[in-house]
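Chain nomenclature is as follows: A, B and C, assigned in order of appearance, with residue numbering initiated at 1 for each chain independently.
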Amino acid sequence: MHIPDGFLSTPVWIALDVLAVPAVGLAVRKTQREFDEGRIPLLGVMGAFVFAAQMINFPVGIGTSGHLVGGALLAFVLGWPAAAVVMTAILAIQALVFQDGGILALGANVTNMAIVGVLVGYLPFHLWSGGGATARSIAIFAGGFASVLVSAVLALVQLILSGVPMPAPVAGISVGFFAVSALLEGAITLAVVQALETINPNFIRKAGRPKGGAAAIVLAMAVFLAAVGVIFASSQPDGLEKLAMNVGISQRATNLFATPLADYEAAFLQSAWLRKAAAGLAGLALVYAACLAFGRFSARKRSA
Amino acid sequence: MPDSPLIRVRDLRFTYPDGTQALNGVCFDLFPGECVAVLGPNGSGKTTFLMHLNGLLSGEGEISICGVPVHKDTLREVRQKIGFVFQNSDDQLFMPTVLEDVAFGSLNLGLSPKEAERRARRALELVGMEHALEKAPYHLSAGQKKRVAIAGVLAMDPAILVLDEPTTFLDPPGRRALLELLKTLPQAKLLATHDVGFAGHLAGRAVFFESGNIASSGTVGEVVEKCGWC
Amino acid sequence: MHYAVVERWSRGRSFLHRRDARAKAGALLILLTAIGTAPGLPAALGGAYFAYLILGFAMARVPVTGALARAAAVLPFSLAFAAIAAISGDPARAIALAGKSYLSALAVLLLVATTPLPKLLRGFEGIGVPRFLLMVGQFLYRYLFVIAGQAASMRLAALCRGGFAKSGPAHGTRFRAAAGALAVLFARSYGAAENIHRSMLSRGFEGHFHLLRSPRFGPADWTFLVSSAAVTVAVRGI
């Protein structure tokens, strides 16, 4: 489910953009450690494959059909960091070229599908697939299932937090619908993985030995943080703004924003929406700048 | 004294990781100004052979390109001297515009963006595609894509052109146009193809691959007759 | 394919087409923020932004009706939620959901209809988005056409043999057939990626993409960014 712009309330989309920027940055960093730039075509082509795979319909029964979403499958082939990068690229291109999903809401869609969706899709595989063939099959199915279900439910929660009216029966029906899509994703993912392994067993990554569980903890933490971010955004709708005000960013950001139009400044300062937006954007810019600075710093450290 | 060969291959052997013996002691020379056709059935080792020439694969034996032995430390030099045109142009034209694609190789050689662009424009003029600079590769016809792919190689100023099945996706006019273009290019050429007619028009000499080795060589006509290849 | 239309629009030569991608992206973000943070969508505000965007399409000489139809891609989703809102007795919210999502989609469309995607991605690099991610996006977009073409021909071949998606007695078989088709499509895509990698190496690729000129952010781009931001903010004050 791709959330378009205009659906999420300002604190929700800003919080999720703030969450998505460092998460994607981290995924890119980890991917670059594993794949050099020469493998960029592979990642791009895999993204194009997932796009194109959506043209192939799978029978669900009762006369309808569904298609692959692909987050878990990508994680099994490329590992979770690269899968997150590829899913982010897919979501960005869907938003830009196909108007499928919003731009301000891109942080939300990336968080739901590219970060959390990929992580929870990969988690069962990481934990269980070292076991027997049955355990592995269950892990693959569970990964596909969980990735779609968790992303969809997260999106639903974000919509509800944003105040989009959602009577209980509608929410119930939606969750039921998500569960069916998730079962289908699990089945498709498993069937495609099995078909792939008959072509070339090396396509699918070797099961990660459950080593010390450090990576699993990181994964679980990421899921947890995503959830906390959403809850924070809901319970403290103005938390970010207050935070920004306290450190005086809002005032300065507003001035900065309005400087080209200094004559109107007084009017603008009274405009609550502008202050709110400026505070949010300033927060976003801060996170962004911090990520950039960190990226530069660690790049230097690596090359030194 | 005859010219020294541009390509010199001695006793080249290669086995794929799955155990398939793909090349089995190949010896081959290509001299300046020559165009040699590489014929043979699918799976006979033609493409594997070509991929050794610029170090995409490495087996046992000796290969030198313009006197430079192919080795992991000489790849940059070798890949400048020997230009590869792949069978499927879509695999080769991966940049978003024609100009950027043709400039890709020169930029890798360390040329300045300005010089790379100048060379790209000249190469596109040579192949008659200078009108398509800003176009996206997927908006071109198969014949145009092949010309742009050739330009991308020519911009690196190679001494040898290697063409793998260049006529595969072309219609007859496109094939004819490609033939005319290749005749005007001064580089020595190595042409792997099933298109015997095309080879006959272009190549002065042919080698015939069979189970990983050169089974026969001579003019295209002789080889075709000897090997029953038509 | 239907998105080839936007691709064609994006190669125009109008004033908007010639503006730097960063200026247009900045203007878009300001407009989206203004729309997104508005409490509800009063008719005057919605109408003004709509007129503003239509003016943009006219300036860019992009067919307005075509653009309006394409942006409607967002409507099935937002109308469904709008209907729920209307039924639960919140018609203002219903109008805001449908209106805001449509206006936002239209605004994004104006950006991509006046900026070829590769230029847009290059512009994002200028504002600090990791190049690695952008290059993945660039390759994705480049090969989308190629692989979608293969998928389409596989679907056609499957239809000739009765299709994957009809339910019937051989339901499980059809499911596995579709999975097999996807696996083949995957293997072909993987093979294509390896060939692309080989062709990169053959032209001297040594691990880093070097790019041609980077675009210049000129006075006209500043003027465009500042004035469009001013209009956006002024309209938002209505």
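Annotations for the structure displayed:
Going forward, a residue touches a chain if its C-beta (ideal position, glycine included) is under 8 Å from a C-beta of that chain, and two chains touch if they have at least 3 such contacts.
In this text, all values refer to a predicted model and were calculated from it rather than measured experimentally.
Inter-chain contacts peak for the pair A-C, counting C-beta pairs in contact. Taking the mean of each chain's C-alpha atoms, the chain closest to the overall C-alpha centroid is C. Chain centres here are Cα averages; for chain B and chain C they lie 38 Å apart.
Between the Cα centres of chain A and chain C there is a gap of 18 Å. For the pair chain A and chain B, the distance between mean C-alpha positions equals 44 Å.
Counting partners per residue, chain A has 41 as the residues that reach two or more other chains. Touching of two or more other chains is recorded for residues 117, 138-139, 141-143, 146, 192, 196, 200-201, 205 of chain C. The set of chain B residues that touch two or more partner chains comprises 94.
For chain A in complex with chain C, the touching residues are 2, 4-8, 10, 13, 24-25, 28, 31-32, 36-49, 51-53, 55-63, 65, 68, 85-86, 88-90, 92-93, 95-100, 102-104, 159, 163-167, 170, 187-188, 191-192, 194-196, 198-200, 203, 260-261, 267-268, 271, 273-274, 276-277, 281, 288, 292, 295.
Chain C meets chain B in the complex at residues 7, 11, 116-118, 138-139, 141-143, 145-146, 192, 195-196, 198-206, 210-213. Against chain A, the residues of chain C that register as touching in their complex are 3, 6, 28-29, 32-39, 70-71, 73-74, 77-78, 81, 84-85, 87-88, 90, 93, 96-97, 99-105, 108-109, 111-112, 117, 120, 128, 130, 132-133, 135-144, 146-148, 150-152, 154-155, 158, 164-167, 171, 174-176, 178-187, 189-190, 192-194, 196-197, 200-201, 205, 207-209, 226, 229-230, 233, 236-237. Taken in their complex, chain B has these residues touching chain C: 51, 54, 56, 76, 79-80, 83-84, 86, 88, 90-92, 94-97, 99-100, 103-105, 107-109, 113, 116-117, 134, 136-138, 152-153, 156.
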